[in-house]
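The chains carry the letters A, B, C, D, E and F, assigned in the order they are written, with residues numbered from 1 in each.
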């Protein structure tokens, strides 16, 4: 069940049976020459939407621009400042809490969001902790690629050079979600370099085409389907367990 | 062309021919018993996506939670505080400006967003005005229902009680976009009351099922298709003109 | 009754009979070669002060610097960033609410303030809506030139080229309020150009002497007196109705 | 010369001869049973306006709501949060700097504003200091009652119990400025108690009618005229010296 | 008793007997050629620590970076923006209030902090004043050099040119606290110039080696010991009195 | 070399040879019945100070209150809101950048700080990335217990139940730093439970005496000395390498 395609009486009815909701949260940023700018939003969204259908879970709107300052050297990348993202996440949480949601599960698609999402959780909890009222809700962050069993599937499909940005796995997922968007591009070098980075200028200087450590040339929609299936099933189990806690 | 399904080299290529982008901007809020919570995000998104295809325009991600504090009395509604939304819009603008975009066209789907979007534009311009550097970009806000010719189409389809919230027209558009989400609900009263409102408690007290002035019982996907077609064509013309200015 | 010339026991006594207050809100910005920089603050102030006397209404201090970033290309113009103005308006509202005011009527003198004032209202209401407590106060924004009957008076006096910035009407009002400040200047062109604008550099490039669409050469204190009288009477009626709601 | 009754070309001409401006800054807060709520805004305003006329100095709009949280126990008092006031003062400074003002003289009427104004100055300077660019403007804070010679005049007129809030001197100044607002009230006790305070509840508990240490029963417009004359002349000298530095 | 070397059960036990805590608050900024960058944090820290031991008072962590924008022209100086410092102080206060502390005594070591600390107090109180709940805690700011009797000791030791920044007294205190850090430097001129300042560039231009009005060449640890002893005893008395109020 | 006990000319001289600085960053929060409230600040501070001496590295002041909202159920714990901490860290970075520091190494003592510090880094970098200027500095976060070789030393000393909060290792380090502060307390249960947590109420309900997974009953200063020695040497190597990059 998608919040966006539900009516409010349907949400009201859902809340009688469950106080849990999943929020896909991603980013809008370059993913190399054959990856989609929306990859990090598309992946958690497609997984969450399929899990919502499979498990009868409510899925909220996708938080689709995150912290991607380091990708701004590549056209199309967008970022929130972390302080803005914290404020926005807190507003989302406050809104959902208003309706009685007690379990908010953020399914994340972007490593660069992790710190800021966790900081936002602490910001949200801090209000309650400083006021000494017990917080009535619980917040959870999970990266889709770390859902139980998913990494194994990815590694079995891409045993070499799945990489850490613009990975073969995530690009496969997006090709599954948007088959018409498959790009055929020659990658050079085939496997991108590894390493760390600071700001956007530094990132671009180190990673000429935007990829880190990956060879996504073998990405296909079919492989993406397998990854999504694995992640979907894991998410249903994880979210159901979280919602019941 | 959708930013989310494009690669960064495709965005780079696009920028050689155009400095313009369209951002659908909406809200996540109740739309009465047979309307979708995502209506105000879905409408500008579907119109912009079709216009992007028809006119070769670049469409950014949808800003999908806006200022909807007055709807919080109905489950599923979400809001940003206006100060948060201003910060977020400014971050989006700054990101796009970074890549050389000079025309950013916000296609809006929610009346409650208008003031805050305009305030965000003034916030963004103010940085340049106070620094005395000419601002290199132009910002435009357009409500989809006010695109040239659209209101006429809506009025011709729904001559009576299209209303001002949860309108028959916008619900038709969402049914066109998500045919599987059509709700069959008896509306009582058939035509919702009109009026103003303040906070969420006040709104809920005045508008028992969330609608204002509308009778969306006749909403259909077919009618939505006509409205979208009209809005799509108008948007292509308007955006192309704006991008060239 | 002016808040600034009242004592606190007088305010206390007033509150026993009415929970309403009027806040004139304007701007400090250029108004062309013969207009006063304070025009947009002076107009709502003089109208509100006369209405306060005529109708026994309490008038608060004038919020005298607003959002005027687009006028910063002309010496003397001042602006708040919209985010600052929202914070300040919310502090004013919170202060008045503290004393039991339940109806706060902002009489506005500047078009550029409208969006930010409305956003501030949403910011103020959002606190209550998110907390699920009914908001005990109501906020109203009215532009003095849109008070019932006022535009008709202006149009009858200035049937041609009243304009949209540095209008003949508003300059007349300021001449009525400050007869010693009347400027005698030759305007060239007589009628200023029309159009939109973005930041300060853009505004100055389009509107060489600051006016938009107006020919204020016929502005006089006598004409201003008529406009003020009309606005004063309308404000008394409108505010009294709002206070009773 | 008042900014509000000047035209922009007049401000432009002024800037050719001087880069200095005076900003009256006050508060809206209770001043005891016979004092005006606007006292702390009215005093610096009348002094500055007379000095502007006497010395050919440009006087900006009055910043009329300050930090008065401790007075909120008395109806009509209004406050900004200090963080809001800092933001607003910085916006005023940035606006004036935009036009080339290099000396901004804040004539203050409220002890409770001092810390926040100074903090705002440090906030404004900090931007330049952190960027390593020399700040092109200088900011000055002066309390009108501390202008050279003024305290002596006050003490000679009110040798006993001038007090520290709702002083006989300041109430005299407001009676001079607004003779129609003179209040005749029996004060009990004649001389108010002295002491410190924390929040509004604490203040009201300690100072039953709002006054601190004062007996303003002898305040008159005539005495106010003398105080204003002294302050006016001192301000002209002080501001001219500051503008030339 | 130091908060940092206590366990939480020890703090809990302390709170049964006293609701008071002392927070040393200073700055990290240049103190001339023979003064320590940490002087303004070290002085209140050593005095508070000794007073804590002598008087059985709880001493919190040292707030060690303050508002020092004007010193940024000298290497090693650090500053908070005043708005940041207000937020941080409010968080410290909120945390201590959470545990039942009702008297928070800030022992300050830096003149440049005074305004911002006072503004922070007003910010903290304002929350209560606007909500109309009595604030359960009291905040106090004291500069160590103004503790009763301390200035007399300083003047007796350094009758000439103690100065106002990088004073002989404060440098003596730091030499007492960190004997290994004593610097032997020839000062030229022996007595630094006096005067005011604005931003960092202005400060550096006026005060070539960072000192203001001081000749700290005679600073010694022994003299520092006397000053600390005086301040320690005064602080015990002052804090005990404040805690009991 | 400690920034706080250096003079500005000494810092200036240091900057000729190195552009690197280490900032110890910790927290003020309960560490169980026998642990110090200052543990998380004391540990990175003592390690950094010893490394500074051993390796000739400059050590800045300790950032001593971090994000500890979850510990507020225990007396003495203090927290910054993450948004405040981000602002403060950015001010520290901006100050150090002002003097030409190009490598800022945050040695962290608190797991709860990690996300917010990383978010602060992104906030700081984002300013440069959005402006398209290459950021001239690099920021690094290292947790002292993850310095190369340190965990092995801890595990060899405390092979069982070192735990994850109020660990035997960290308490040993504080006993080494402050031998007079050693607490003798019977722990019950000997080994604290493991688990996650949300806000302060939740934390206190799960972890009755504040410890997580640890048995710090065997903590001694001697063991702490070994851990510090290991961490000190590792830090010298790591920091020197970082400073040279």
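Basically, a contact is a pair of C-beta atoms (placed from the backbone, for glycine too) under 8 Å apart; a residue touches a chain by one contact, two chains touch by 3 or more.
For clarity, every value in this text was computed on a predicted model and none was experimentally measured.
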{"item": "Both-way neighbours, i.e. chains that touch subunit F and touch subunit C", "value": "A, B, D, E"}
{"item": "Centroid spacing, where centroids are CA-atom means, of subunit A and subunit D in whole angstrom", "value": "54"}
{"item": "Distance from subunit F to subunit D - Cα centre to Cα centre, in angstrom", "value": "47"}
{"item": "Geometric centre distance via CA averages, subunit C-subunit B, whole Å", "value": "30"}
{"item": "Touching two or more other chains - residues of subunit D", "value": "72, 79, 81, 83, 87, 95, 98, 129-130, 132"}
{"item": "Chain-to-chain touches, reported pairwise for every pair that qualifies", "value": "A-B, A-C, A-E, A-F, B-C, B-D, B-F, C-D, C-E, D-E, D-F, E-F"}
{"item": "Residue numbers on subunit E that touch subunit A, as the complex places them", "value": "94-95, 98"}
{"item": "Residue ranges of subunit C touching subunit D (in the complex, touch as defined)", "value": "2-12, 15, 28, 30-38, 41-42, 60-62, 64-65, 72, 74-81, 83-84, 87-88, 91-92, 95-96, 98-100, 174, 178, 180-181, 183, 185, 210"}
{"item": "Of all residues in subunit D, those that touch subunit F in their complex", "value": "129-130, 132"}
{"item": "Residues of subunit D defined as touching subunit E within the complex", "value": "67, 69-70, 72-73, 79, 81-83, 86-87, 112, 114-120, 122-123, 125-126, 128-130, 132-135, 138-139, 198-202"}
